[in-house]
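Both of the next two complexes hold chain A, though its partner changes from chain B to chain C.
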Partner chain A sequence: MNAPTLLERLAGYLPLLAHGAATTLLVSLVAIAAGFVLGAALLGLSRSRARLAAGAAAAYVSFFRGTPLLVQLLMLFYLPSAMGLELPPLAAAMLAMTLNSAAFQCEILRAGLASIPAGQIEAAASFGIARRQVFRHIELPQIARAVWPAVVSEAIDVVKNSAIVSVIAVADLARVGRQLVASTYRPLEVFMAVGVVYLVMTAAIFALGSWLGARMGGGRAGARRIVEQAAGGQP
Partner chain B sequence: MNAIDMGVLLGLLPDFGTAALRTLALLAAAVAGGLLIGFIANLARELGPPLFARLYWVYTAVWRGVPFLVHLFIVYFGLPSAGLALSPFQAAALTLAVYSGAYFAEIFRACWRAIPAGQIEAARAAGLSRRQVFAVIQCPQALRAAVPLIANQAILVLKESALASVITYPELTMTAGRIVAVQFTYVEPYLLLALCYWLLAAAIARAGRLLARRTAIDAMVKK
Partner chain C sequence: MSLHQRLGAALCAAAAVLACLAAAPARADQLAEIRKKQEIVIGTEAQFAPFEFIQDGKIVGYGPDLMNLILADLPDVKLKQLDLPFQGILPGLAARRFDFVITSVTITKERAAKFAFTVPIADATTALVKRKGDESIKASADIAGKTVGSQAGSAQLKALQEYSARLKADGKAPATIREYVSFDEAYADLAAGRLDAVAQSLANLATLAKTRGDVYEVLNAPIGPKTYFGWVGRQGEDSAALVKFFSDGIAKAAASGKLAELQQKWFGFTMDVPTDHVPEPAI
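Moving on, here comes the complex of A and B:
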């Protein structure tokens, strides 16, 4: 039987790479979603009047943004076992990535919140609109539109950062790549295939993010809609 | 949990000191190389034929769309089979330089775009060539505006440099891991490791702010 051609080999890698990509996407999704919730909570904490809470939030953000993710991952994986807690690699990976992303999303949300003119909220209050209504109809849509590009960017960063979890033996795309190299001795083509899969994932997130952003009304599509409405729909 | 043993911590300082120097060496090589590559990429995009603009787009899209770890594996594990075998430092420095070069190129592109078009039109109308406009009008202003962005990117490069530990370059992260494996103490090495990176990042941020203030043109300084 002839040795498999490049195309045949690549086809053989595909199922394993798909499995790895699925794990990568799982870890990334958990990190982004949980990171968002935690980041929003952190933002609330940092705006509190209690100095201890605000200081703790600031220290958290400073630590998780100022140190490498790899260091955070190693600390969260090895330190619990020194204290007697056994944390499975996948859990440690999701935890580290969530805590890391939360710090960045906190700052993204902070910037988004700051971009809404205070006058709008004051005007709405003077009209007698309830605080909750103000948040839901006035602040939230604008915050969502303002932070969306940064959120998409953060999502792409999370997917790229997720490759780091391969060092603590989580079976993500990068680790599957290393295992394939160990069994095929073809590092160049395997890792390039891995790179292509990552590229496809990040490009897909970018495309989806841009499309959703346009639908929310941001960017050129949003500006066009506003101009059309202002002109009364007439050319 | 045991309290932090200061004796152990102090005993780690010499090893961490040399490791920090290696991290800095990697950082310096990567940022210098990256700035050069990024500048040339932007220059090629600005002044070259449309083909160069497309090549620029491919370079920045591919190198920013794939994790740094994968790039590192391709260079360190993959290139030897194509004839180029690099040491861990060489592989890490080269990959980090080309990787950060893509980000620096985008920083330069943004700063170039930030220069008002009117200045360029006026210069061209006055008879300056595209190259002269680039060197005399755009470079001085754009590079000054780029300083804070470059400092920020340098901090990101510092954090990314921790991955050089995966290909066994004995910088900070690998040194901490080695000490943990040999001495069975977890808390002090990792605490010191985090502190080292945090201090280095703060130092880079400080240097960036100082440089920005020194090079700022009056009109750019926020009053």
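Moving on, here comes the complex of A and C:
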């Protein structure tokens, strides 16, 4: 039998790589989605009038943005078991990545909110539009458009940052690459293949993000409609 | 600091915090707990062919085969095996992330002071591997003045350091030693020409040379004292029964000839391993 060619070997790596990529995607998507919700809640908290709540949100953001993700992962892996709690590695990885991304997404949303001139909201109020409607039809669409590119970029960062979750026993794409190197002793081609799979995933996120971003124009027309209604019919 | 040093420092810090937290009161016997919970959690670094590595998505090798043989005596207990980098294996055991370590850990003085080893499963004596066709290295002593790598925190690194010190004492130039997160990176750097040799156990090197004989060539002579691979549990009364369970299992496999059979299957040769006691570590 001839030694397998490069293509045959790469085909042999595929099932394991696909499995690792699925784990990477699962951890990343949970972190991006849950991180967004938590980030929005944090932003709400940090803008509240209660000093304690605002202070806690600020402390949270500075902790999770100011310490390495690696340290956060290790803490979430080792601390619960030392305290007698059981947190499976995959859950610990998702939790650490979520808590970390929430801090970044909170700041992204804060910047988006700050980009809306106060004059717009005052003008809407003078048209007699309810505060809730102002948020729904005037602020939200603009914030969404403003923050979307940064959110997509954060999503891509999360996928790439997830490459260190293997330190807490999660067999993600990067770990699978190491496992393959350990049995094939062919690091160059294995890590090239791993890099390509990461690139495919991040490119897909970017493409999906751009496609969705281009469909966010609806907000402007909606805002015009609500202003027209408030002004009493035809302009 | 390099990445693996930072990783190591972070793990050490985490382990130190946990050592304090884990100084808890007496615990129930681990083996009894495992039987009751019907689950055992094992820590493994599946990056160490042919001892333990991944094939078709499963952890396989000499270690897992032996483990399954022994765990057959606990038929109702479900196995949960975690794969993580070696630097996290012993800290994870100390932090009670797993019940037991089934990965090839060289029995050393330092480790034996903190953890409880089983009787040996294999010979861990260190040797060198060079690039195939490198005429400048004909014997182990030819690494004098050259650059040699090994895995950070490994006993093979320690053997290499002692060997290099002996070279120096003999009036030769010591070797420049580089430490890697895993042996795979050291092998890669050897192939790329950034290293002249890698120090690793002879048992692992045999598989390396079998798989990539086109690139690597093993110098078939030990560079350090005789050492052994064992499995590891925690010290203390609550873990004693569990460690003994695995030790007895290894001894039973040795007596029945099954151990030699598994060695033949995974290494292509058998090793002389004392399975009636844990040998006094030489390093």
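Here is the rule we go by: the second predicted complex is superposed on the first by the 216 of 235 C-alpha atoms of A that agree within 3 Å, B and C clash if a C-alpha of one lies under 4 Å from a C-alpha of the other, contacts with A are read in each partner's own complex, and residues count from 1 in each chain.
Throughout what follows, contacts are C-beta pairs under 8 Å (C-beta built on N, C-alpha and C of every residue); 3 or more make two chains touch, one makes a residue touch a chain.
Here the structure is a predicted model, which is why all the values come from computation and not from measurement.
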Q: Could you check whether chain B and chain C clash or fit when both are placed on chain A?
A: clash
Q. Which partner does A:Ser166 reach: the first (chain B), the second (chain C), both, or neither?
A. both
Q: Would you check which partner chain A:Arg9 touches, where first means chain B only, second means chain C only, and both and neither mean what they say?
A: neither
Q.
A:Pro187 in the overlay: touching chain B, chain C, both, or neither? Say first, second, both or neither.
A. both
Q | Touching partner for A:Arg110 - first (chain B), second (chain C), both, neither | A | neither
Q: Classify the contacts of A:Arg145 with the two partner chains as first (chain B alone), second (chain C alone), both, or neither.
A: neither
Q) After lining up the shared chain so the two structures overlap, which partner does A:Ala82 touch, if you call chain B first and chain C second: first, second, both or neither? A) both
(Q) With both complexes superposed on chain A, which partner does A:Ala203 reach: first (chain B), second (chain C), both or neither? (A) first
Q. Touching A:Ala174 in the superposition: chain B (first), chain C (second), both, neither?
A. first
Q: Could you say whether A:His19 touches chain B, chain C, both of them, or neither, answering first, second, both or neither?
A: second
**Q.** Overlap of chain C and chain B interfaces on chain A (superposed complexes)
**A.** 68, 70-71, 74-75, 78-79, 81-83, 166-167, 178, 181, 186-188
Q) For the complex, which residues does chain C have touching chain A? A) 6-7, 10-11, 14-15, 17-18, 21-22, 43, 46-49, 53-57, 82-85, 88, 91-92, 95-97, 182, 184-185, 187-188, 208, 211-212, 215-216
Q) For chain B, which residues count as touching chain A in their complex? A) 1, 61-62, 65-71, 73-74, 77-82, 155, 158-163, 165-166, 173, 176-177, 180, 186-187, 190, 193-194, 197-198, 201-202
Q. In their complex, what parts of chain A are in touch with chain B?
A. 62-63, 66-72, 74-75, 78-79, 81-83, 156, 160-164, 166-167, 174, 177-178, 181, 186-188, 191-192, 194-195, 198-199, 202-203
**Q.** Partner chain C, residues of chain A touching it in the complex
**A.** 15-16, 19, 68, 70-71, 74-75, 77-79, 81-83, 89, 166-169, 171, 175-176, 178-188
